[in-house]
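Across the two complexes that follow, chain A remains constant while its partner is chain B and subsequently chain C.
== the complex of A and B ==
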């Protein structure tokens, strides 16, 4: 399984950053009819569509909680306090949200930042256990935990990009709120850094 | 407060909050702040314009400080209640910026959406002395910008104004936070 797309969405659901990784494995069909096959258009449009659908799931009225198996092994220092704090804020979307929705052959995972910014990633291929795992569920949980660390690294990269003082000269407020000026994203360091992280992740098939 | 990361040391966001915050020298910060004030003074057309420019600079500081503070604490807790976020602001953020907690946090009796943060001597303005030609200007609008930035990034839209409590020599300032209607409606839905 590989990470094929990553998106950063602002609190008011406008995209800050969308990027696709790896080549699209779907060759354009010979008789691609735009009406019958809407995904015959460019890959980034397809992923934008997938990400929008996942966003709808996140903002649905039903309550969303981080799955229990992800709460216990978050790998942070304050493991004791994390349980009591998440018990207090059961209704708060924060941190790794886990698997959001499966679409076609993709799965979308999400991460919620403190200021309302959401990180969504699209994983290609249904999970196949080629190793000899204790059980498929445990292997999937291990995979999700490694995804959690991926999200954490990318979110920290985003925070570092926010600290760039040059983003304050011409619309710092817009950058933090996720508004884009003239449709151009000017975060080369962030782009390079996330590309490196994602390629590393894909090569190792997940960190675990 | 943030140290430059090298391959040996861990990521700045992983380090715990330093026990003695305020590692930036006061002189360096004051020099920077004086340049900022002078820059805005030359480009502003009126006193209110001057205050709003300074407040905008403070917005960016407050916004980033909120993100960093909540991340360094482990990113475990997102404040969703008004009182929670104000307490986080007046204790944690005030400590990380000014090395002390805000003096007090009060709820206004006049209006349900107003809260007041008291500070006896806000750090950026300890050397400020406003010339008489600009008597209505309050340099603490930088700090009110910080408050506004932090609260808005946390998801609480508000207006913040700084008012100096006249005590002769003292610099006691009250920051009046007025949350917008959506925030108050959301708050009522919790109860």
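== the complex of A and C ==
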């Protein structure tokens, strides 16, 4: 399984960051610049659509429960944080949201950050690892645990990018405005760091 | 070298006795200051000059703090710096450690010049300079501080940030060049009546 798209969405459901990764069977013009305008190239449009559908699911009144196998694992700070946050905020599920919705051959997973920002990632369901999994459920659980830590690392990178003192001046209020104004990424460090994390995740066959 | 190790020990001692603050708070406050200067004046050179001036003001006040703390902690210790190059050790191992919590390596270029190389720049965590500000001397306040301190003790200096982590370099390098000693002159002079 490989991660093919990642999106950051602000609390008011406007996109902050969208990026696609990995191979694409579409024309080279679309895939040569993976950080292209989402509304002009076809693979990004497809993933934008998928992410919007997932957002609809997130804003439905259904309460999202962090999967039990994630809560029971000991010694992982991320999960303990989501446990305590759940206890505090009864209305909003924070932390790793787990699997949100399957669309076509993709599955969307989500993470709700403490400041209201949501991270969504699209996983291509084709199992590419050559290892024989012990059992499908255990593989799934292990995969979700590694996804949880991936989300946490990307969220930490986002927070560090927010701490940039030049955020909000000479480049707009958020990532996407800055990008549109300059024609290129305003936060190269964030984009590079995220890409490195995702590529590392994909290279290890979905386990980090 | 014994002087170097005694400076290091003095610096560590001074650091352990100093009150501490959150490094994120400090870094973000400095970032807000630079941000504000950038919005109020246009060219990066003006902002850099303002940061140098701010640093000088800080330095002239900081030197008294430094001298009082070092003489308190080390009453039988080394005497005040006898030569220009000995100020390098004092700044790098004692001064920077006491106030910023980081030490620097000293590279002596000549009798009247040296460079301080900091492997970590505590002012510039999280910072990415926008393209319009790519020539901004973000750490100029540190250079100004060193300049202010040295000028208060009678050394005329030129201090410049040569390399900086915000420009993509691997370290922060500050070059200090001595321009001679300053003799205090009584203003107005005394006239024998």
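Quick note on the criterion: the second predicted complex is superposed on the first by the 146 of 208 C-alpha atoms of A that agree within 3 Å, B and C clash if a C-alpha of one lies under 4 Å from a C-alpha of the other, contacts with A are read in each partner's own complex, and residues count from 1 in each chain.
By our rule, a residue touches a chain if its C-beta (ideal position, glycine included) is under 8 Å from a C-beta of that chain, and two chains touch if they have at least 3 such contacts.
Worth saying up front: this structure is predicted, and the values here are computed from it rather than measured.
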Discussion item. Is A:161 touching anything from chain B or chain C once the two structures are fitted on A? First, second, both or neither.
Written reply: second
Worksheet item: Touch check for A:189: first (chain B), second (chain C), both, or neither?
Response: second
Worksheet item: Where does A:11 make contact in the superposed view: on chain B (first), on chain C (second), on both, or on neither?
Response: first
Item to complete: Scan A:104 for contacts with chain B and chain C and give back first, second, both or neither.
Response: neither
Worksheet item: If you count the residues of chain A that each partner touches, which comes out higher, chain B or chain C?
Response: B
Practice prompt. Could you tell me if A:114 is touching chain B, chain C, both of them or neither one (first, second, both, neither)?
Written response: first
Response to the item:
Dual-contact residues of chain A, meaning touching chain B and chain C, are 163
Discussion item. Residue numbers of chain C touching chain A in their complex, please.
Written reply: 24, 27-28, 30-32, 34-35, 38-39, 125-133
Worksheet item: Residues of chain B touching chain A in their complex?
Response: 2, 11, 13, 16, 56, 59-60, 63-64, 66-68, 70-71, 74-78, 80, 153-155
Discussion item. Considering only the defined contacts, which chain A positions touch chain C in the complex?
Written reply: 160-161, 163-166, 169-171, 182, 186-189
Fill in: Sites on chain A touched by chain B in the complex
11, 76-78, 81-82, 85-86, 89, 92-95, 113-116, 156, 159, 162-163, 168, 172-173, 176
